[in-house]
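Next, two complexes with chain A in common: one pairs it with chain B, the other with chain C.
Showing the complex of A and B:
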């Protein structure tokens, strides 16, 4: 029993926050605050959020990525987060795991997207070892060729965040709010959502997944449980997060500008055709 | 006349100047994009650049574009006006990333900037990255606006810097600076730069993979042995990457390799065969010796499994999950957990020294498995919180790992009670020995169809399973075990009662 404790002396300390059902906007605000205002290492786990919510990457354009009419009709909240990456629709069946670290938290890790992505896949290898042909494919976690976990990162001068949303389960009808993205990984091969993704619940019980992830993190860091309330009191900074909920106005104006753009392109093409025929 | 001559001379001077400027047009205007000078080398001669590279032994000669552009570096040097305006490019931000979207600027034209101060934020694929300044200076001109796509290597902005500034290269680079090239072209040109040891390169060669394609996770991007193995697994070259982890499981067993059971046949000879006991077998010697010191008692009972058989058939018939095999064991395990909730003493650990019994909160039910490597007892954690379906899945996962000899230390530790399904192989029942530090173990015999008499004296067939509960008599008495067994038996014979307690 002495040996594991002795090992802990050489591991960086990491605060572990275990949440359940926290609204995703609140989670993202906390993460952004911890990335920018804290100097400690953090692991946030949110076992499901509350209502179905669409979360886009920092430069996501709603008109390109979403079926806006359906989104507006069904009043699905749309958030633009502070990290890069693609669009997801999350709900109670999504499990979130986030690592926020200082540059020295993982010895020898270079602060580049690929390096951090590779490091994360080694950690999750420990979780999924022996299960369903798990590996990192381009930037996604897959079983075989089907994605069940999507990643996004933000890298600053001295810190980085890598967060993942795991598709424990999903509702087919929710996927209908998302368009097929223009920028897609090569291995997707033009598959629609339902052929491209799979459910983690078909591979591992939920509690076991969560426990094994904590355990895997514990092999790399010395974990210290922290309650949500402690973060909220300690980091009451004036920092304003950039993650935000898009208003109906913003979504509607995005359709308008997209339509304008389309009609501009159409007229240009007409003009080209007309001049070509001359 | 003289004036005319003077004028003529002046004109010729001007025309000479013009001629010169036309001859060296590149000296006065920025070079075309394809020939962007590598600003790292601005202010330095090619020789000093090379020597600078050598000082940083962790960096190889794989500088993005440097080799290509080295022939132009002198030209770049010639271009620097004495004011010291440098072009700050979008440097490499990761392997294979060719372009980024500019998200926002943190500085404006005219701002004074410190070394390592964030200049802007860009996005590539999944990451937003802060680009920091290499120099202390002043922002002269910003060349892109948010929303623009910038190719790696293109100039983002121009800065006025002191000529005497030495760009410091720290090995732990901020995101904007990368001396380490991930340009695959450059890696292929390099002849074994400082990115991996000879042993690792040898290993890559064995697997037939190119070291340049592998992302290094070591210091300064070094490619390590694990990186090569992982890459080889991804490429399907190696069947499983867990040779390393199975060896770590072996280390749990005093670092010896485990050998499969040797069969007793010696082809054609009748000599003695010596089998050194290793791995799981060696552990078995130790654990059984300790367990033999525990005073056991055994309690035997017969359980009617007609309902169990019916339930299993129902699961199989209504099976919506391909690849999932339904057996009796998950049902027995869940029923066991239900009974343990009522008799927590059975799910406990005994500490001899302090004479304390710890009633364990979780039901971590161990399942004895006979593998080619020996007897192993992995356990399913927190059965009290799992559904029968989840137990089925987890059992299958552990069985597969056991057969492949890839169980982790966590899988085989932390158990609170064990089940031995010896009936799967054969036998009416066994007299099992406790798996310390648990206090009970249950051996399950084969389900057999036997004749029974009803009240009228008629014979009818019934499926009977015989079980033998081995218990630590220091902690448990016969009555407790008997009552516990009755509870468990009831759940098996009337599985609908499980629903009564379902949460």
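Showing the complex of A and C:
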């Protein structure tokens, strides 16, 4: 018992919050507040969220990324989050792992996206230890050439967040709400969603994954369990998160803007063609 | 790598810009620099602000720039916007305090200008400076060069 305690003296302290089924909007609001209003380090694990929800990155355009008519018809919630990166659809079978840290939490780490992802991939290497040829590939967590974890980050002057949604399982019909993105990693090779992604459950039991992630985090930080209620008490701050649920109006107006843009482009092309033929 | 530095020298000479070279990234004279890698060019009480070549190189290709509203107040050291690259949003902090008088709308269509021309076409905002004494809190080109070397050398 002496050796682990002595080792922990040199590790940064990190609050560990273990959740189950917390709505993803609530999770993101908490994360954004902790990034901006806390000076402590945090690991948040949310084992599944409630209803299927689409989550876009900060610059996501619904008309480009989503089959909006289907989304509206089936009333699937769409969130725009505060971090960068792409679009995911999450549900009870998604496992979320988030690290929120001060700049000195990981000794020697530069606060840039690729540095942070190099660090996180080493941490997850400890979790998977070669299972299924796990590695970080063009900023995605993959087994071989198939993605099972989407990650995103936000970096401030002195703090950073790296959060991941792991596809422990997924429903095929949910992927139909997502278009193939224009910006995609090269290794995707224009594959559709179902050929591009894989299920973590085919590689590791859920409880083992969660336990191994906590264990890996414990090798990097001195973990202190914290209950959700303690966060909500401490951080009832005035900070207003930018993460938001898009309204039906916003989704519909994005379709209208996209159609108007396409119409303008088509008109311009027609005019050029007509001019060229003169 | 050497050819990039040579190209930069020739381009700088053509444009009559004085440069330092610190390995791969360029640092310009006549600018001031913050410790969060923004640059500011001051002309009277008007300032133009962007991120440095060192920053854009470390961030990767910028795909989106979150710009403030014209008229917004900025405070030295505080965030006024963000850039998105490699799945990350990174705050951009103001090197000076004042009021935003112009934003670079071109970045909405071509965010990559932040990478390709960080000191020229990739400028982000223009500010009416509140207190030019604040410039004393910033680094000169030599100081910024050493700062970057130390930051990279330690990691």
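FYI, the second predicted complex is superposed on the first by the 277 of 278 C-alpha atoms of A that agree within 3 Å, B and C clash if a C-alpha of one lies under 4 Å from a C-alpha of the other, contacts with A are read in each partner's own complex, and residues count from 1 in each chain.
As a convention for this text, contacts are C-beta pairs under 8 Å (C-beta built on N, C-alpha and C of every residue); 3 or more make two chains touch, one makes a residue touch a chain.
No experiment lies behind these values; they were computed from the predicted model shown.
Aligning the two structures on chain A places chain B and chain C in clashing positions. By the touch criterion stated above, A:15 is placed in contact with neither chain B nor chain C.
When both complexes are overlaid on chain A, the residue A:84 reaches chain B and chain C alike. When the shared chain is aligned, no partner comes close enough to touch A:93: not chain B, not chain C.
In the superposition on chain A, A:151 makes contact with both chain B and chain C. Look at A:46: by the touch rule set out above, it reaches neither chain B nor chain C. In the overlay built on the shared chain, the residue A:165 is in contact with neither chain B nor chain C. Only one of the stretches 4-12, 148-156 or 292-300 in chain B has C-alpha atoms clashing with chain C after the fit on chain A, and that stretch is 148-156. Shared interface residues of chain A (contacting chain B in one complex, chain C in the other): 57-59, 82-86, 108-110, 112-117, 139, 151-157.
Of all residues in chain C, only 36, 58-60, 63-64, 66, 77, 79, 82, 84-91, 93, 151, 154-155 touch chain A in the complex they form.
By the touch rule above, chain A contacts chain C in their complex via residues 57-59, 82-86, 108-110, 112-117, 139, 151-157, 183. Those residues of chain B lying in contact with chain A across their complex are 93-97, 101, 103, 116, 118, 123-130, 132, 147, 172-175, 178, 180, 182, 215, 217-222, 226-227, 230, 233-234, 241-242, 245, 321, 381-382, 385-386, 390, 393-394, 397, 400-401, 404, 406, 408, 410. Listed in rising order, the residues of chain A touching chain B in the complex are 57-59, 82-86, 103-104, 107-119, 121-122, 125, 129-131, 135-136, 139, 151-158, 202-205, 207-208, 211, 215.
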